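Attaching a single structure in structure tokens format; questions to follow.
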Amino acid sequence: MADIQHLIDIIVEEMRERPDKGRVADYIPPLAHVSPDKFGMAVVLADGRMLCGGDAQEPFSIQSISKVFSLTLALGMAGDGLWNRVGREPSGSAFNSIVQLEREQGVPRNPFINAGAIVMSDIILGRGEPREAIGQTLRLVRDLAGDDMIAIDEHVARAELATGFRNEALAAYAKAFGNLNNEVDRVLGVYSHACAIAMSCAQLAMAGRYLMLGGRNPETGKQVLSPHRTRRINALMMTCGHYDNSGEFAFRVGLPGKSGVGGGILLIAPGVASVAVWAPGLNAQGNSLLGSIALERLAGRAGWSVFEPRG
Amino acid sequence: MADIQHLIDIIVEEMRERPDKGRVADYIPPLAHVSPDKFGMAVVLADGRMLCGGDAQEPFSIQSISKVFSLTLALGMAGDGLWNRVGREPSGSAFNSIVQLEREQGVPRNPFINAGAIVMSDIILGRGEPREAIGQTLRLVRDLAGDDMIAIDEHVARAELATGFRNEALAAYAKAFGNLNNEVDRVLGVYSHACAIAMSCAQLAMAGRYLMLGGRNPETGKQVLSPHRTRRINALMMTCGHYDNSGEFAFRVGLPGKSGVGGGILLIAPGVASVAVWAPGLNAQGNSLLGSIALERLAGRAGWSVFEPRG
Amino acid sequence: MADIQHLIDIIVEEMRERPDKGRVADYIPPLAHVSPDKFGMAVVLADGRMLCGGDAQEPFSIQSISKVFSLTLALGMAGDGLWNRVGREPSGSAFNSIVQLEREQGVPRNPFINAGAIVMSDIILGRGEPREAIGQTLRLVRDLAGDDMIAIDEHVARAELATGFRNEALAAYAKAFGNLNNEVDRVLGVYSHACAIAMSCAQLAMAGRYLMLGGRNPETGKQVLSPHRTRRINALMMTCGHYDNSGEFAFRVGLPGKSGVGGGILLIAPGVASVAVWAPGLNAQGNSLLGSIALERLAGRAGWSVFEPRG
Amino acid sequence: MADIQHLIDIIVEEMRERPDKGRVADYIPPLAHVSPDKFGMAVVLADGRMLCGGDAQEPFSIQSISKVFSLTLALGMAGDGLWNRVGREPSGSAFNSIVQLEREQGVPRNPFINAGAIVMSDIILGRGEPREAIGQTLRLVRDLAGDDMIAIDEHVARAELATGFRNEALAAYAKAFGNLNNEVDRVLGVYSHACAIAMSCAQLAMAGRYLMLGGRNPETGKQVLSPHRTRRINALMMTCGHYDNSGEFAFRVGLPGKSGVGGGILLIAPGVASVAVWAPGLNAQGNSLLGSIALERLAGRAGWSVFEPRG
């Protein structure tokens, strides 16, 4: 597997040389100041080895990648009843579009668009306090990564709350249709703090291991999700993980992944690898530009596509 | 592998017993008369063995499953330039919706919705005659299946042309945006005849082998598609193969597939199996109701999901 | 003009006898308890005479009729610059739809749908306090009607705020696009209180006189609006005054009007009459069912349509 | 009334001096060659006097203005049953949009968008031949204008048919929903020939007299439409006569009108005047740019707005 390290090194080099690095998200002020030249990549293999390249140890805001962890947590709490409140289809529109929510009466198309993750946050909040729900989310991520140093960037969380009027609209709209039990601002408190978790590629790749390993957290040996549900989350990441660019990502990379506007992407090769990449510049659909290209190359050269004939 | 045969037998039995068989498509008159009690399944394994159950030898109208073969043919003719004329994203709307075509200026979202397949038909037609283009499509399917008895049901083709006003609208709309080189009725002639190909499950599973085998037709030993493009077609089948039910199918079955309103579904387990199922009753999104359930069970019990950890 | 009184009497009788009275709005709890049997009508003629019928002295919640007064007030504050923040086109969708707001980047289609009136409320609020803005709105309505007894029903205002999640979504969405200067809840405070003004038909017809008289308040002799702007508000009432039923209302009645979900409608025959009707049961588009029919009859029998040839 | 002539002269002068003349429609080739410097205006007063200015005697393609005459003819044939097949609401979208037709199941929003006029053409065609239906339309227009020299520009009609793929899509879509009895190409033959009628401003203003005079053709003394239906057509012209710019036109001009992409507009001041203007350059919504401005000035200075207080 020395060749995976070699692949990473080459890709880090290739990405450094590309002139077009995409556009750093500017709608959340603290994110706007991140340098577009950052690039990191980390791979954890099934046998536990970790291989890194570039800025793999530097924390960044995971943003929507947190939706994978929120779904994991919410599924544990609500079970499959969760699917009465959120769909499983690609949205065919932007990550923060409200049009679909009106057409489909307050039921978000999937848990990986903002509206869907807001409903997940409502489930996680339950009848409790935002503080507790945020704590639970952070604890899950720390457990999965085996790293208690992972923290929430309060500065980002507050900036997101202060400017997140589209999210407020989505939450209020879901509530108008009876698909939110808690108050809008309490739910958005939970949502925004999950988005504001800061992790390095190394930590994120570690946290993704359970999705590679049929739901088992190798850190604790415990089953976080059943193998059945783990396959299903992987399927959702494949069809819905990159907003209205999900088809393109599946077409090019051939693996389930989830992106965030902080420039990170978590990628799962089931049974083979958990990968995290970070490059802050985004493409037109809000996914990491260089991150997507890097993962296409890594998956292509390593032969990891799930559509690669096995046997 | 005797157990696959056993799995098929059990599933055929289970499907026979289900009271709700869905609703047979009635908008193309000849399809409306097919009995909802029909159920067939055929599996071709990587080693070439064929296993069948139920009405696996009875021909049915493959309808939109033909879009996979049309894409294969069009890719061979136009190469990746084809992707300038059709997208690669799930549509988020019904198979025959025209809304997306207006919003995105005549570029269909993917080759597996009607508008996309109409553009593929225009590419296949090229500067030639509909008769020739239809002949080429039929020849490809016969070559892939290794069966010269496969034929087009002219009765269905004509019925489809006579009632296909939505398809005429889609074609005219694509032409209004400059995304159709030939005349509307000539393109629809090609399109409708491809939809009207009649195949049994056994023939269809045989025809799907190249998608299981990295693009190689085991019948002739020739590479129909490069391995790279084959993975990509599989990815498209995963994200877009079941119209606005594609996310659900990926979630439940975990394998690339393509459905048709005739009640057939072609399913690919890369490197493992090419599967065809047929049950004429449809669900609300226009996919075979029992066919989807049967494939969920087969893939689940055989452990074929691409999201199953390997290694 | 004794015949107008006669017309009113006949219409009151006719409406009392109709079995289908529509459906009383139930999404704001206090409105749900109003009897569908109520029916009132008041006409103020250009010479100042007032003619009444039915429950013309009973106050009801004017709801969206307040949007006419809010526009009048906002125009006085912001002038025609107001039209940079709100359009002048019929929406082609429901009164509380958010779809249009996304497609047109936070600019409501017209001031008579909820989103548009929310932006008006933001203008009226300016840099001041909600209490003051609410006071100004109420003062305008009292001045126009020449009646200091007109009041806001706090019970309705509070109920509206507590359940108005769609309005919260609309306000937050407008704010996301930079089209709201104040905070969402402060703007909604102003908006909801304007909607909760309670008036009788007699009071409402009095308040509408300036729209019949080229912008002059006959009570004070002062010009509330220029004749030019008054014609324009009448034009907007004609094209946009009944949500997605405006075309139908213009077609049937031929006069500018504005409806509210409390069952009231204000109707203007320029130079001739200011009319108010109240019947709490609504049609499918959220306009007073009997109110619309009554006004069609009154305008038709009195020959008041603006499309009636003059001269 | 010498002052109306004076008003016309001034406006012709003012329009000649404006640097921005809009953009001549280029999607129908013969229309693309018309000079943007043309400007004509004609007014017929209730007493029969005709006042002209500029290029008022030069014929131009009336295009969508023909929809008013088609509606008049279709109403005479189908009566109010016509309203089961077409709505009476502004569309909130472009004149050739197909989105609404999908959402509302093949029923066009109003008779003045393309889809609506196509359904009118189907009614006019009835069970007859396109040649006859075209003849009837032309005869109506000639009778209304009292001028047998009015003709159809076959060159324009053919160009429209050859490039009208959006209209073909609209017709096919209406037919898919059962809202077209005849074949698509026969209906479009009728539709395109009506659009291709060529008239001068003088002829058009004459043809519009019945809409000013409560439905009576002063040429023949016969009632073309009942007064009731005439008011209603005027109301439709007010709310829907300028596509997605109808609200703006009502706001600015305050009179019912109907525009065409040839640059013409027919304007009705009920009981007062029938006006035609022609300036080939269009605004962003497809209405004559200078024509709209000219009519705003004429109506404003003459005090013709229907929202002007009467009495």
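The chains carry the letters A, B, C and D, assigned in the order they are written, with residues numbered from 1 in each.
The rule is simple: a contact is a pair of C-beta atoms (placed from the backbone, for glycine too) under 8 Å apart; a residue touches a chain by one contact, two chains touch by 3 or more.
The structure displayed is predicted, hence computed values, not measured ones.
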Copies chain B and chain A - interface residue numbers shared by over half, same or different: same
Comparing centres built from CA atoms, which chain ends up most distant from chain A? D
Looking only at C-beta pairs in contact, point me to the busier pair out of C-D and B-D. C-D
For chain B paired with chain C, centre-to-centre distance based on mean C-alpha positions, whole Å: 55
Averaging only over C-alpha atoms, locate the centres of chain C and chain D and give their separation in whole Å. 32
Using mean CA coordinates as chain centres, what's the chain B-chain D distance in Å? 47
Which residues does chain A have that touch at least 2 chains other than itself? none
Throw together a list of every chain pair that touches. A-B, A-C, B-D, C-D
Which bits of chain B are touching chain A when the two form their complex? 46, 87-93, 100, 109-110, 212-214, 230-232, 234-236, 238-240, 244-248, 250-252, 254, 256, 270-272, 305-311
Where on chain C is chain A touching in the complex? 97-99, 101-103, 165-166, 168-170, 172-173, 175-176, 184
